[in-house]
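Look for subunit A in each of the two complexes below; its partner is subunit B in the first and subunit C in the second.
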Partner chain A sequence: MFSTSNLKYLIPFLVVLYSLPLIPQPPYIMHVIVVTMLWAYLATAWSILGCFAGQLSLGHAAFFGIGAYSSYFLTTWYNVPPILSLVVGGSLASAISIGIGYPCFRYGLRGVYFTLATIAFAEILKDIFIYLRDITGGSLGVWLPMAQEGIVNLYFINKEPYYYIITTMWLSLILILSAARRFKDYLIAIREDEDVAASVGINVTKYKLVALLISSYFTGLGGAFYLYYFRYINPYITFGLDTSLQMVLLSIFGGMYSLWGPFIGSVILTPIGEYLRIVLGGAYVGSHLVIYGVLLIIVIRFLPKGVVGTLKLVYDKFVVRAGGYAVKRSESF
Partner chain B sequence: MLLSVQKVSKRFGGLWALREVDLDVDEGEILGIIGPNGAGKTTLFNCITGYYRPDSGRIVFRSIDITGKPPYKISKLGIARTFQLTKAFNNLTVYDNIRISALAGSGSSSDISRALDLSGLQDKKDFLACNLTLIERKRLELARALSTKPKLLLLDEVMAGLKPYEADEILKVIRDINNEGVTVIVVEHVIRTIMRLCRRVVVLDYGVKIAEGSPEEVVRNERVIKAYLGEEFVT
Partner chain C sequence: MDMVMLLQVLVNAILLGGMYAIISVGLNLIFGVLKVINFAHGELIMLGMYVSYWLAFLYGLNPYLTLPITAITLFVIGVCIERVLIKPLLNAPPINQLLTTAALILVIQNLALILWRADYRGITVRMPLITLGPVFISATRFIAFAGGIAASLILYYLLMKTDVGIRIRAVAQDPEVSQLLGVNVPRIQTITFGLGALLAGVSGSLMIPIFMVNPTVGGSFGLIAWVIIVLGGLGSFTGALIGSFVVGFIEAFIGVLISLEIARAVAFLAFILILLFKPAGILGERARV
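Here is the complex of A and B:
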């Protein structure tokens, strides 16, 4: 799965990642770190469909929301232990993704048309959840009641356990994806050219659908985690276009063609976003979003391959010194 | 008989792209399909490889009815194709292009290097596909099709747009492929290249098969001359 040279870098990285909470920090900083990891995780989940399979979904908030709300209902109505409803929430999101995925992929809705369909899908769900006020709490949202502290209830006073949970979720996603070599190859082939992919024997519809299923499952899991971490959700947060866009932006910013791109994107952008919000958000309402936006424009204009993609190019150019105008690039690891 | 196309028709609106076309391909041969622009050559390929579903008629490959089967299934059965306007996994290296194709088809690692050798792309294998020249892209088309280990190879104008000496190089590659036991159908609208490659030629015009036979017979055929040059050249 990993070559030894990769392990050489991976193990120290993981040690640092997991020992981060050992350094005492104010709860707010810890909160920012948890949110950063959550977005890294969500953007990675999005990138399975969005980057590897090349299907630009702007409706992943739908799966995020379904994961969050179904976990809420399972916990409060049926007293399902949160740790279990987390998994069920992901599966439900995955199941519902077939509703949008099968018609789109089976009947060849490609490119922007697929993107439009995904936006509509998330917006419809948002409206439904706002409208069914008696069941879903409407636009006011819903709160999770207090619970016994512990892993079964996914309720902790401190933020550190949440950090360990989301980091592990992200890490397992990365490990699964880097192990699924052949699957990833097929998705990349589909992204590059669907007709060619089909001509060499790749079942394009099936693999796109599987990519969507996996992507939406992990997104739903992330939504459920969001619920247990913040303990409050409403349709605007969970099903909103902002949520979908955030996953996309972090992936593009970090680097579309790399497993690490979304993580890097989140590590850079999420704290900056938070910082700008604190420093400027109070004084000039909305100005932090302007700066955030300008930053994104600059990066996308000058580093179209994202942070990781650009670093890779630089590395290839100066370290590998392959010469000529093209060099071999290895995907992801 | 390896492939048999039986009375296949395909219409786009009011236009017959193919009209009751019959075609038989024997194992091991190189069959040429020629015809002027818009004769239905590429449509025929798209019907055989599943990109279009024929409106009527049957296509049988190794006694399996493949009419209307999706492209990936047809590829798995052993029919590989190239695209007229070259396509590739552009952001991947030549090697990765071939590797993924072999992985998806029934090719093994030896098929990867065989495809690279035959197409002459061995020393270009670390180049990104988007950085290749036209002839290299055509070679990549061939190599990719070959790496799936096909029994039948459909080549859609692999020589179009190439300089004469480049076309000769591709001709040699096609002969090599055929010598390894792969049956080949070549679509071309340049008669000269077909004449040198095939022993049997089928001529399409406005979706109808107007002639079939050896290249020498076909170029003397009245209907063929009419289709290519116009009425006044028929003697």
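Here is the complex of A and C:
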């Protein structure tokens, strides 16, 4: 799964990651860390379809929202234990993703047109959830009632348990993706050239659909986690374009073509956003989003490979000088 | 639904269609000529509404009289956006253009939020209610409708008869050949984007007496504009007009029968279906600008 050289770095990294809450922190800092991990997780889930398969969805808020709302209904109406409805929420998100994914991939909707269709899909769900006021609480949203503390109810007074949960969710996602080498190769082949991929016998429609199913499943789980952590949702937060954009932004900022990209993107940007929200929030609501927007524009123009990709390039150029030179030569032929 | 009600909704649908024509015509022009995915068109409309609002609020002008100033302001903003953000991306993958303009949404929307807060702001214009037998026509909506049709006709004349218009159409058809024939292509592209933004400004001025403005208002306008031009066949002039009225009818009728949210959802569903099954739009063929 991992080569030994990777493992050498991975284990200390995980030790640091999991011992982070042992350092006493004020609850607010812990909150920022949880939110950072949540966005790292969501951006990684998005990147399965968006980066590896190259199908740039701007409608992942749809799956996020389905996960969140279905968990809410399961918990409050049917008294399903939250830990279970989390999983059901993800599966429902996955099931609903077929509704947009199958027609799009079957009828060969590519590139920007796929992106537009996914936006419209999320908007449709948002409008329906606003319309069904009696059930969903409409624009006002819904609150999750208090519950008994514990893992079954996914309700904790402290923030540390949430941190362990979301970090484990993110880690399992990374592990699954690193293990699925061949699957990833298929997706990358599809991203680079669909027609060539099809000509070597890759079932393009099938693999795109599988990528979407996995991606939407984990996004749905993330939505459910959001519900149990914040205990409040409304259609604008869950189905809004901003939520989808955030996943895309963090992935692209961190680096599209690396498993670590979305994580790095979130680790850099989410705390900046939260900090600015607190420092400037009272006087200048939304200033952190202005900075997000400007950063995204700069990264797309000047660092299209993102932070991780650019660091890799720099590393190759200055550290592995000879190797870098050889690659350059062969490219120029 | 009785006869009077039906007539009333029909009139509303037509008025709404005219308004949507002016929302989408600028976006369509930009896409038709530059082939660039401008996602922030709704935000330009929002800026247009704010410019008109502040001119009317601070100087007591009639919002309709602010139209020329708003139009020129938006033209300048459009030219700046094109020069700084769009031009370097013209040959980049469409996804990069889409993401850049999506990031521009974040920037413009939140700058507006910082500058003008989230309050809903509006200007009321005292206008008589026009009665046509049993049917009522709101004067402000009628002006927006007439303005939409007029702007479309003026743009059509401009594109068909004037020197600049002919150059714009040439660039829309083939930028490289136009360049060879001596057209200053980058300049024409800048002018076109400016014109598109100008049209967004005009629609802002025409809509501020009808709708309240707040920083997030552009989102729905921008998405609806995309629905319309895809329905009409991207870049097609008559297609966009027809698309406007199709969406106007969907919103007016379903809005009355069920609710406005469902009407929007149906418009988006129609959009997905057109993308899937008739990607060239309802007209079928690609009638260029």
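By definition in this document, the second predicted complex is superposed on the first by the 318 of 333 C-alpha atoms of A that agree within 3 Å, B and C clash if a C-alpha of one lies under 4 Å from a C-alpha of the other, contacts with A are read in each partner's own complex, and residues count from 1 in each chain.
The definition used in the following text is that contacts are C-beta pairs under 8 Å (C-beta built on N, C-alpha and C of every residue); 3 or more make two chains touch, one makes a residue touch a chain.
What you see is a predicted model, and the numbers here were worked out from it, not measured in a lab.
Engineer: Now for A:Gly293: first (subunit B), second (subunit C), both, or neither, which partner does it touch?
Structural biologist: Only subunit C is touched by A:Gly293; subunit B is not.
Engineer: Just subunit B (first), just subunit C (second), both, or neither: which does A:Ile119 touch?
Structural biologist: In the superposition, A:Ile119 contacts subunit C only.
Engineer: Could you look at A:Ser19 and tell me whether it touches subunit B, subunit C, both or neither (first, second, both, neither)?
Structural biologist: A:Ser19 contacts neither subunit B nor subunit C.
Engineer: Which partner, subunit B or subunit C, is in contact with more residues of subunit A?
Structural biologist: After superposition, C is the partner touching more of subunit A.
Engineer: So, does A:Gln148 touch the first partner subunit B, the second partner subunit C, both, or neither?
Structural biologist: After superposition on chain A, A:Gln148 lies in contact with neither partner.
Engineer: Can A:Ile252 be said to touch subunit B (first), subunit C (second), both, or neither?
Structural biologist: second
Engineer: Is A:Pro304 contacted by the first partner subunit B, the second partner subunit C, both or neither?
Structural biologist: second
Engineer: Looking at the overlay, does A:Asn79 come into contact with subunit B only (first), subunit C only (second), both, or neither?
Structural biologist: Once the two structures are laid over each other on A, A:Asn79 reaches no partner at all.
Engineer: Which residues of subunit B touch subunit A in their complex?
Structural biologist: 49-51, 70-72, 75-76, 80-81, 83, 87-93, 95-96, 99-101, 103-106, 126-128, 131, 144-145, 147-148
Engineer: Can you tell me which positions in subunit A touch subunit C when the two form their complex?
Structural biologist: Interface residues on subunit A, with respect to subunit C: 56, 58, 100, 103-104, 107, 109, 111-113, 115-117, 119-121, 123-124, 127-128, 130-131, 241-242, 245, 248-249, 252, 284-287, 289-290, 292-294, 296-297, 300-301, 304.
Engineer: Please give the residue numbers of subunit A that touch subunit B in the complex, ascending.
Structural biologist: 182, 185-186, 188-189, 192-193, 195-205, 257, 322, 324-329, 331
Engineer: How about subunit C: which of its residues touch subunit A in the complex?
Structural biologist: Those residues of subunit C that touch subunit A are 37, 85, 88-89, 94-96, 98-100, 102-107, 109-111, 113-114, 117-118, 215, 219, 223, 226-227, 230, 258-259, 261-262, 264-265, 268-269, 271-272, 275-277, 279.
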